[in-house]
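Listed after this line are the structures, all set down as structure tokens.
What follows is a pair of complexes built around chain A, which joins chain B in one and chain C in the other.
On to the complex of A and B.
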């Protein structure tokens, strides 16, 4: 049983409360964009809402969930309390103060620059300072994770770090690398501009630094889902993990290939040459490999479980799986949506085809499907799975958990399939309204309404999720219980040092980043790199 | 489960890894073929320009905007993307002939696509974005700004008017403008 339950629950509740509010904003945004009349339908409100939705989902839900889940994993997988609960709480309060500051900035209407910033447009300084505090809080979490693993290795010389913890630390290290890009952009470019110390900004450089962060951050969000696939789902299905080594290898490959690929967000940008776009596209292709390995290993683990339960034949084992268990169901639904989201990702990655879909609704569909369909659905399943050991109470009935997961998956498909299609028709992104009277745009209307219906299902599911977790009166208290992660078919006695630590991988990341981003960043310091005048969103 | 011999597990994983790597290689070969044989590459000319006096400098001054047939016969349209309009709002281009579109921004980041074509580029202040294409469909094509550029972003949209090649008649100065409809 984890020691610091209140710490973990505090993180998870911040994540989930913000998540429900952000889901409601998302539905309203789709309503505004649809042909139906919506309340408060002004561009100012719309972009304020998009900023709130993006910041909440991408920075708050994820960061707080990952920190809380990381503390849980450290205590349960290593079976020792955290090295410093005091530092962990300090990280929590720092990040929470940052959230409060950012939310206040967004509510003031002075920060509607979306969560991706777009300098030379600028918001009130408090927006950025708040986000910096969230990142600083997460850096404290990184330190606690690193110390926890180091202490375990010192106390257990030669013993393999449990896979769940190894993966969590891989994510923590990746996050340090990831945040370097956006931190440099905010500290050296945006803050000097918004505090009035500089009047111009190098936009090519700021876009490049942000791209450094923009893809790896997605894998930061995705890691907990993969940790659940490897270390929770096989046990929930009544089996074992097919291969512990492949798990370690996949997490290491994510650490390596999530970072030197961010320029695929800049394929259509004029400040980079084809050559570096090509290099980063090739590295992007490689990042699909750990996902394909994971699909295989987890499917094999599930097959073992299905056969143990009496499943026969080529597909009989699928039917024999205990689909009534939320973790198994969520894994199945996540894999289903991962095929669509991942397939779409391969299209985005191909830099020729990217011109067809860049900044269309196709891309919005892609990342909602990956984020909502694979990441968030596994956050739900993880919460259901660990709730009894955190609170001493089971979440509401398993039937309502299943209903909630199904609603989420159906809602996600109903919302994103029309978006994919509309994107191919050329529907562009980030607009508050469409002129449906235009005969070239009018036919999109019905499909936009269908996607809105999907959004409503998602909101219902989001509210159900929180209701399922809330404590209720007259609830049976469970006996104190710990949490065990899935065992491998062959639990490792010894693993190679490279798969029990990260030194060699950090060196490789540094080399890859030098190759992928060295010159692309250096070019802005050669010659007269153009400077654009800053444009305060609300006129300063 | 104990009969699942560890070496068999490793062998199966390696077999799958080979399949995965082969699949990714096929995709990469297709991209490389399209890039080299069909010249399908992203717009990446890396051409710097000072955004602070864009409308005063040579190429993107007002008189120079719109479609022009150059002395060598090349057809180029120059367009400024600015909060919250494209200047000029409408550009005429001929169908079925190679054309070049050149964009730049004096203020913030913009972007655009031309509906029903593969024209798609970001417009970043400090750079000229250049796209080569052959337009196949005639008529008025939508050219919306697709990157958030401020509260008026939704209003920012232009028109590419594609006319049959025979009806594309430049004036003596090589220029063509949209006629009022």
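On to the complex of A and C.
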């Protein structure tokens, strides 16, 4: 049983409480975009809500969940208490104070700049300072994770770091690299502008620095899902992980190829040349390798489990899997959504095809499907999986957990498929209202209503999720128990040092970043880069 | 992080293989992106291969990012105010104290103490943004906007003095912001027009530029609390073409889509409860 249960639960509860509120905002936003009359539907409210929804889902849900899950993994996989619970709590309170500041800023209406900031718009300083505190809190988490792994290696020379911990530390290191971009943007560009020290801002540079962060952060969110695929799902299915090495390889490839690729968010931007966009597109294509490695390895692990359970023939093993278990069901649903979301992603990352979908609803539909679908459904499954060992209570009903997962997957498909289609029809993103009386866009209306219906299902599922986790009197108390991660078919006795640490990979990331971002960032400092007038949203 | 030597040769092998794969991928994308594709596509763009490579690297501006010839607008009257870093610096550095003295001596006779006008003939200046006041004073001075009383006054002032007056009146805007907006109530249709616009007539919401601190064009004035007579006169002047110092014709376009009744009601809405 993990030692710091309160610490882990505190993180997860912050994540999930914010998540439910943000889900409600999301439904309201789709309502505003639909032809149905929504309350409070002014553009000002819409952008305020989009900011709240984005910040909550992208920064609060993810960061707090990943921190809490990381502490859980460190304690259960390494079977030792955290190096410093005090520091971990310090990180929690720092990040929570940051969340409070950011939420207050958004509620004041002076921070409707969306979670991606979009300079030259600037919000009240509280918004950025709050987010910086969230990041600082997460850096403390990174330090705790690094020290935990280093101590394990010192205490067990030559022993492989357990895969779950190795992956968590890969994510922590990636997060350090990731946050460098946005931190530089906030500290050196946005805060001087917000405090009135400068009257202009170099938007090209700020977009470039944000792109540094923008793709890798998505993989930061994705890591827990993959950790669950590799280290939880095979055991839940009653089998073993097909290959431990494949897992390590996938995680280091994510570390390697999630960073020097962010410019695929800037394909249509004028501040970069075609050559560097092409380089980053090529590197983006490589991200599909760890994804496909994972699909192969997890399918193989599931097949092993299915055959052990008596499944026969080409597909009989699929039927033989214990689908009644939430972790297995969530993995299946996540993979199903991954096909659609991943396919859409391949279109987005193709320089040419990107022009068709750029700034359309397709993009928003894509990241909702891949993040809200594949990733968040695994957050649910992880929570269900680890809850008994955190609370010492058995769930009241596994059936309601399954229902919640099904509702989520169905809701996500119902919401995002028409949304993708509308993007191809040219529906804009980041737009508060549509004139459906215009015959050119009138036919979009019914499809947006379908998306809205999907959104309502998602909200119902989100509320159910929290209800499923709340403690009840009727729950059966469990004896103190630990948590075991899935074993590999051939548990590693010794692994190559490169796959037991990160030195080689950090050097390679540095080289890749230098080539991919070196000149594109340097160009803003040589030559006359145009500046934009700041547009403060703070009155005065 | 220190790595345990769990077999030096093995690590070398893994490190070497990883480095080779990464180097191969990098080499491929650099050669393709910076050399092969630009050279192959150069003839389509009508440029020589060397120029194409320079563009692909970003050393030369590619089309359409070629430097554009400077715009020389000849249509008059047109606003001469441009929100360049230089203009913004003048505004940011302006001292409101001499501005206060000037305002006492020159402006307060019509616009009232602290910019609260006692007459419906003159707009309130209190609570207005400094950038809006600077823009209008500059336009009066340059002739982009004409008013029999304001034009001669503005022509006597230097650019620095304009900025000082703007800074003085702008210094009230924080207090006004703290009071919050005061909109008229009871006219739901006009409130909707102000907050949501009317997509069928391509009318944007007034509030997307004119609400305080909305991040719109710097010169957009705050409307909340302004005199309804003044607001109505300006809407009529924009619609009738007597006033034309709005950047990109924004207000001339908007007001030409409004009915006379809507202009009255919008002015009423923005004057609010005074």
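Assume the second predicted complex is superposed on the first by the 536 of 540 C-alpha atoms of A that agree within 3 Å, B and C clash if a C-alpha of one lies under 4 Å from a C-alpha of the other, contacts with A are read in each partner's own complex, and residues count from 1 in each chain.
FYI, contacts are C-beta pairs under 8 Å (C-beta built on N, C-alpha and C of every residue); 3 or more make two chains touch, one makes a residue touch a chain.
Here the structure is a predicted model, which means the values were calculated and not measured.
Visitor: Where does A:286 make contact in the superposed view: on chain B (first), on chain C (second), on both, or on neither?
Guide: Both chain B and chain C are touched by A:286.
Visitor: Examine A:196 and indicate which partner it touches, taking first as chain B and second as chain C; both and neither are also allowed.
Guide: A:196 contacts chain C only, not chain B.
Visitor: Counting only touches as set out at the top, which of chain B and chain C does A:511 meet: first, second, both, neither?
Guide: In the superposition, A:511 contacts chain C only.
Visitor: Between chain B (first) and chain C (second), which does A:114 come into contact with in this model arrangement: first, second, both, or neither?
Guide: A:114: touches chain B, not chain C.
Visitor: Identify the partner contact of A:297: answer first if only chain B is touched, second if only chain C is, both if each is, neither if none is.
Guide: Once the two structures are laid over each other on A, A:297 reaches chain B alone.
Visitor: So, A:431: does it touch chain B (first), chain C (second), both, or neither?
Guide: In the superposition, A:431 contacts chain B only.
Visitor: Return first, second, both or neither, reflecting whether A:358 touches chain B, chain C, both chains, or no partner chain.
Guide: first
Visitor: Contact-wise, after the overlay, does A:204 reach chain B, chain C, both or neither (first, second, both, neither)?
Guide: Touch partner of A:204: chain B, not chain C.
Visitor: Considering only touches as defined above, state whether A:531 meets chain B (first), chain C (second), both or neither.
Guide: both
Visitor: Just to be sure I follow: which residues of chain A are touched by chain B in one complex and then by chain C in the other one?
Guide: Common to the two interfaces on chain A: residues 43-44, 121, 200, 270, 272-274, 277-278, 281-282, 286, 433, 438, 531, 533, 535, 537.
Visitor: For the complex, give me every residue of chain A touching chain C.
Guide: That would be residues 41-44, 110, 121-122, 146, 149-150, 153, 157-158, 196, 199-200, 256, 270, 272-279, 281-283, 286, 433-435, 437-438, 494-505, 508, 511-512, 515, 519-520, 523, 531, 533, 535-540 of chain A.
Visitor: Give the list of chain B residues in touch with chain A in this complex.
Guide: For chain B paired with chain A, touching residues are 1, 4, 6, 9-10, 12-13, 16-17, 20-21, 23-24, 27-28, 30-31, 34-35, 38, 40-52, 83, 107-109, 111, 113, 115-116, 118-130, 142, 144-154.
Visitor: Over in the complex, which chain C residues touch chain A? Could you list them?
Guide: 1-7, 10-11, 13-15, 18-19, 22, 25-26, 28-30, 32-34, 37-38, 55-58, 62, 65, 83, 85, 88-89, 92, 129, 170, 173-174, 177, 195-196, 199-200, 205, 207-208, 211-216, 218
Visitor: Along chain A, where are the residues that touch chain B in the complex?
Guide: 43-44, 47, 112-114, 118, 120-121, 200, 202-204, 207, 239-240, 242-243, 245-246, 266-274, 277-278, 281-282, 285-286, 288-289, 292-293, 296-297, 300, 304, 308, 346, 350-352, 354-356, 358-360, 425-426, 428-433, 438, 440-441, 489-490, 527-533, 535, 537
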